[in-house]
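What follows is a pair of complexes built around chain A, which joins chain B in one and chain C in the other.
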Partner chain A sequence: MTFIYEFKKLALSPLVLSLAALCILVNLMFLLVEYDGMTPQNQDHSAADALAAEAANIFEGYRTAGIAEFYISALRLTGTNAEHIRGKYEALQLVVDRRAAGGDAPRTYFDGQTSDFQVLLFGKLFMYLSAEVGLLALLAALLSTTHEQMRGTESAIYASKTGRRVQVVKLCASLSVSALLSVLVIGLSLLIFFALFDFSIVWNANVSSVFDHALGETKPFITWHSFTVAGYLWAAIGIGIGLALCCCLLGYACGIGARSAYLAFGTAVSVLAILYLIPRAPFMPYGSIARGAWGLNPVWLWKSSGTWFTDGRADMVWAHFETLGLCASLAVFAAAAGFAYRSLQRRELH
Partner chain B sequence: MSLFLYEFKKIWNWRILALIAALAALVWFSILRGDIQTYKTVSHYGLSYGPYQREMFEKYGPTLEPEELADYDIPGKQAALYAELDDWIAQDPLFTGNGISTYAEYDLFRSKDRSGMSEAELEPFDEITMQMDMKLSLDEYWNDPRKQFASPYVRLGMISNLYDKYAEYEPYLQDYIDHDERPVVAEAARRILARHNNSLVPDNLNGSVSLYATVVGVSVILAALLLVSPPLARDRMRRIYLLHYSSAAGRRMLFIQWAAMAFSACALSLLLVGLSAIPLFAAGVGDYLGASMLVLESGGGLGILYDITFGQYAMLLAGMIVLLSVGAACFAFLLAKFSTNTMSALVKIVPLGLAFWVLYLSAISDSFFEHNALFSVILRGRAVMPELILCMMIAAAGAAAAVIVTARENKVDAA
Partner chain C sequence: MLSLNRVTKQYGSFTALEQIDLEFSRGVYALLAPNGAGKTTLIKMLSTLIFPTKGEILWNGDDIIGLDAAYRDMIGYLPQDFGYYRNHTPREFLRYMAAVKCLKRDRGARRADELIDLVGLSDVRNKKMRKFSGGMIQRVGIAQAMLNDPQILILDEPTAGLDPKERVRFRNLISSLSKDRIVILSTHIVSDIETIASSVILLKDRRLLTQDSPAAICGTLDGNVYETDDIEAIKAPHLVLTERQENGRTVTRFASERDCASAARVVNPNLEDVFLYVYRDEER
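Now for the complex of A and B:
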């Protein structure tokens, strides 16, 4: 019962709802601007183009070592750091060989024009979407945890039979509201996207065949697993929602860990800023284990959107970095939330 | 006045200042320090003109007269470099093996007529010329300009670029005057032509400073929001404002609080901009304070479109950051005023900060360049300094809205 009240408090809060609406509005504006810029050259392809695919078996005989050497020379990597990058692309070579042998060779659809859509959808739109839902989730968790304190009802509730356990209910409520808002924002924005752009691609085709190039690069789009286009889209949505849940847990931990709303928000922002900015420092060179491990944090996962489920450029050292990173981040932030809750239970409140 | 000072003291909370200092250190170590290092490397070895433009600046001051260009003797320097290049080539087996012993022979070899070649001949020919070119330009050091600078071929390219810029500028400018549909851009080209493209301001100065100012600008605006927003929202949550209103100061208090917020934002942004300018000046940009920014860039593009010196340009950038910080503080005041508690104020101020961030990146960064989106895409190059006008409008709109709200506060029922 408490859960329903807490859920309603959050989900029906005009602030949260107007923020979500604002996010959708921003996406709509962004897509309209992009649509305006794209119209002349990219709206003229027909379904016939898609079928008249150019058979270009680029997987056959393709060497991923070339990608590794490119990064190594461009970033001037040496020693073990270079070996880590080489190791990753050697592993990717197995995937390429398997694809080439299995015969699902990539073909070029739309005369290569899908690349623009790919950058727009997975590069730009998903970056905005995951940032927005992450922020919404963070703020929702902060709102929920600090709500009683802000309204002056904290002492009454903590003195009741439920007591401080109300914060567990609030965690469940903010996680569900975050997931719900993510679905709402991502769903509506994608609806706008597919309504605006004629995205008539073969949904059941392999994602490497339809998106023949990695975002903004010359190498092919090689995923570790074999994905269909629809499957890849669902998987990307899943990662986006997962990142939102990470932010929600972070907001929750800060919200009950700090006694002041500003301190809580300041801590959350500092954590995110540190996660984002530290890898630019010289002690985390490309290809090092430290950078690879740091790259698993939610902010860097967000930053590498568009390369999810692929090799992840030179930033990432391990395969499946997004799944690994999401699980690790969820575990770390859940532990932080648990720790914050335990310390709240023992704290003297004034 | 004492009320203002107390409000001011409330805003300058040491905890938030410590948080800002920590974030500033993070931004410095992760972004700005690298930018400064890049600027230094590029100034000494880099890109289009290497150290030659700087050498001319040191010798002839901020402007270059035709007789000074003649005095610098670019053809003489080119001849010396050709001689050095000939020595290089004469000692390299890759060239001597193909019967080449001077640069002139290499040039002849490279520009051999390809139409008569068969497919089988063309491929090895292309391969060998590419290898020769890579060897001459020390291509293995392509991402280390310091080492690449050792190549006379690279230095020859730099000095030839310099010659192009100061002796062959007319066709580029004439192209702008004849074909560019943006009146302000054409006018800038006309002005550069009238003064014979004589400014010796370094090529990488405006780009580096503009990039630096973007990072500083966004960080300063966010820091200003972080500093000024808490006290007002807290007063409202704890209902201190009712106490204020029943005191002798009465509802004038809200105006004082706004003034303290705006003044604090102004002071903090001035302080942070001043601090961020120190490393930039330590890297030597101060030498160019009097040099005009109106100059043709390498590659024949236009840089800054207005006749301002580097000192004025830096002041304008700093002024725009301060204006935007004050504007942001005014809007934060409005949002906090209409919030019942700190958390709801925060939830409103966060999107405000993000909006300013996006606005800065999309319309204010690259100010006064021809490719600035506000100037070029929205206004189609018809307005002079639209970035500055936008900043002024934002600050004025924020201040006006805040003054209206504080004036109306005298008549509302406080609850």
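Now for the complex of A and C:
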């Protein structure tokens, strides 16, 4: 019963709803501007393009060691840091060899202009979407946890039978609303995207074939697992929603830990800023375990959204960094939320 | 029975309450003390919002902290600054509070409607609370406290900010709710409790000064309260309690430990006299 009330409080909150609507509106505007900016040739791709697609087996004879050496040289890496980078690309070589052996010959779609679509969908739109749903989830959790304190109903509720456990119900409601908002914002934005840009011919094509180059780089777009475009999109949506849930847990921990809504918001933003800034410090060089581990945090996962399920460039030292990072972030923030709740049980309400 | 055994509450080096021993059975208990004397601290400990630094609070022999939800299921609490959802109607808000108190949906809805009628808000049950007066909000507050039909009703300064008419209405309401339960009421307004309290608890210097019936407490000043229209004539040490105008003269009510019967009229002490006399240090 209480869950339904808490869910309704959040889901029908004018602030949350209007922000979600604003996100969708901003995405619509962004996509319309991008649509107008694309050349007619880009927009007018058709099944004929696919039929005329040119086989170009980029995996055949491809050596990932070249990527490793490029990063090592460009970033002047030495010692174990360089070895970590080499180790990662050695592992990626196995994937390339397997693809090549399987005759997985990529084809060129969209008249060879795939990078425009790739940058637009996974480089820009998904980055915006991840940020939007993350912030919405953070806000939902902060609103939920600090709602009673802001309304002055905290003491009456904490003295009720449910007591401080109402915050557990609020966590469930926040997570549910965050997931729902994420589905809504991502779903509607992608609906707009696919209404403007016809992807129907590539849904079942291999994502490495469709997006033949990594974002902003000349190397191939090599995923650790073989994905179709549709599969990759679903997986990316999953990571995006997962990151939103991380933000929700962070918001919950801050909302419970801080005694004021403003302080809680400030704390959450500070935590996100710290997560973003620390890897830029000199004590976190590229290729180091420390940078790799820190790079698993939600902010860096968001920052590297265009490379999910691929090597993750030189920032990441491990394969499947997005899955690893998401699991680690969920575990860490869930622990933080649990710790905050435990401290609430012992905290006095003055 | 609810009992406090040697309860002390400290905030760092500051002691808010010290070695408080109290027992509550059925009836209305009034916690009477000036502002800042520790009434709210005691009330919050009884509501499990804060915890004793030393000592224990027991319900029928069990520590209330250990009883956890089972204890909170027995209490109804109206905080001093009762918050509410401005955009909710009383009915919506009470249904939410019923859910928080783990009442089943049907029972919660029924209790909400019953209590809205009881506190006289039937006409506005579906109106948003944002336009309610302080008295109406306090009535919503008492209704939410009563939702679970509590064995212990804890009211912290329930009449603060109410006009005299609202205060009278509130007193009558509390009196009607006090049957078969413990009502613990904190206030610094003597008239709030004079007629309804079965027991008055006075706190002074962070300690329990006394717990007794209003009559017995008033009896402690028997023969020591006087009235005169010529206070200048009283040479014995005395404490001026109140003044009032009567037939164009100022009648002064005062307390003195000396016999002033020759210069003034002995009157029956009331609770306000005791309050002013006991807390005279704080008043100066």
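Rule of thumb we're sticking to: the second predicted complex is superposed on the first by the 345 of 350 C-alpha atoms of A that agree within 3 Å, B and C clash if a C-alpha of one lies under 4 Å from a C-alpha of the other, contacts with A are read in each partner's own complex, and residues count from 1 in each chain.
Definition applied: a contact is a pair of C-beta atoms (placed from the backbone, for glycine too) under 8 Å apart; a residue touches a chain by one contact, two chains touch by 3 or more.
Because the structure is a prediction, the values reported are computed rather than measured.
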- Query: Looking at the overlay on chain A, is there a clash between chain B and chain C, or do the two fit?
  - Reply: fit
- Query: Which of the two partners, first being chain B and second being chain C, lies in contact with A:76: first, second, both, or neither?
  - Reply: first
- Item | Vertex chain A angle, Cα centres of chain C and chain B, expressed to the nearest 10 degrees | 100
- Considering only the touch criterion stated at the top, classify A:151 as touching first (chain B), second (chain C), both, or neither. both
- Query: Just chain B (first), just chain C (second), both, or neither: which does A:343 touch?
  - Reply: neither
- Once the shared chain is lined up, is A:204 touching chain B (first), chain C (second), both, or neither of them? neither
- Which of the two partners, first being chain B and second being chain C, lies in contact with A:270: first, second, both, or neither? first
- Message: Which partner chains sit in contact with A:160 here, chain B, chain C, both or neither? Use first/second/both/neither.
- Response: second
- Return first, second, both or neither, reflecting whether A:1 touches chain B, chain C, both chains, or no partner chain. second
- Note on the structure: Minimum Cα separation between chain B and chain C after superposition, in Å, equals 8
- Query: Looking at chain A, which of its residues have contacts with both chain B and chain C?
  - Reply: 151
- Item | Parts of chain A lying in touch with chain C, wherever the complex brings them together | 1-2, 4-5, 148, 151-163, 165-166, 348-350
- Item | Touching residues (chain side chain A, partner chain B) in the complex | 15-16, 19, 22, 74, 76, 135, 139, 142-143, 146-147, 150-151, 260-263, 265-266, 270, 273-274, 277-278, 280-281
- Note on the structure: Given the complex, residues on chain B that touch chain A span 15-16, 19, 22-23, 26-27, 29-31, 34, 143-144, 226, 230, 237, 340-344, 346-348, 350-351, 354
- Touch list for chain C against partner chain A, complex: 44, 47-51, 68-69, 72-73, 75, 77-79, 81-86, 96-97, 99-102, 104-105, 108, 141, 144-145, 148, 154
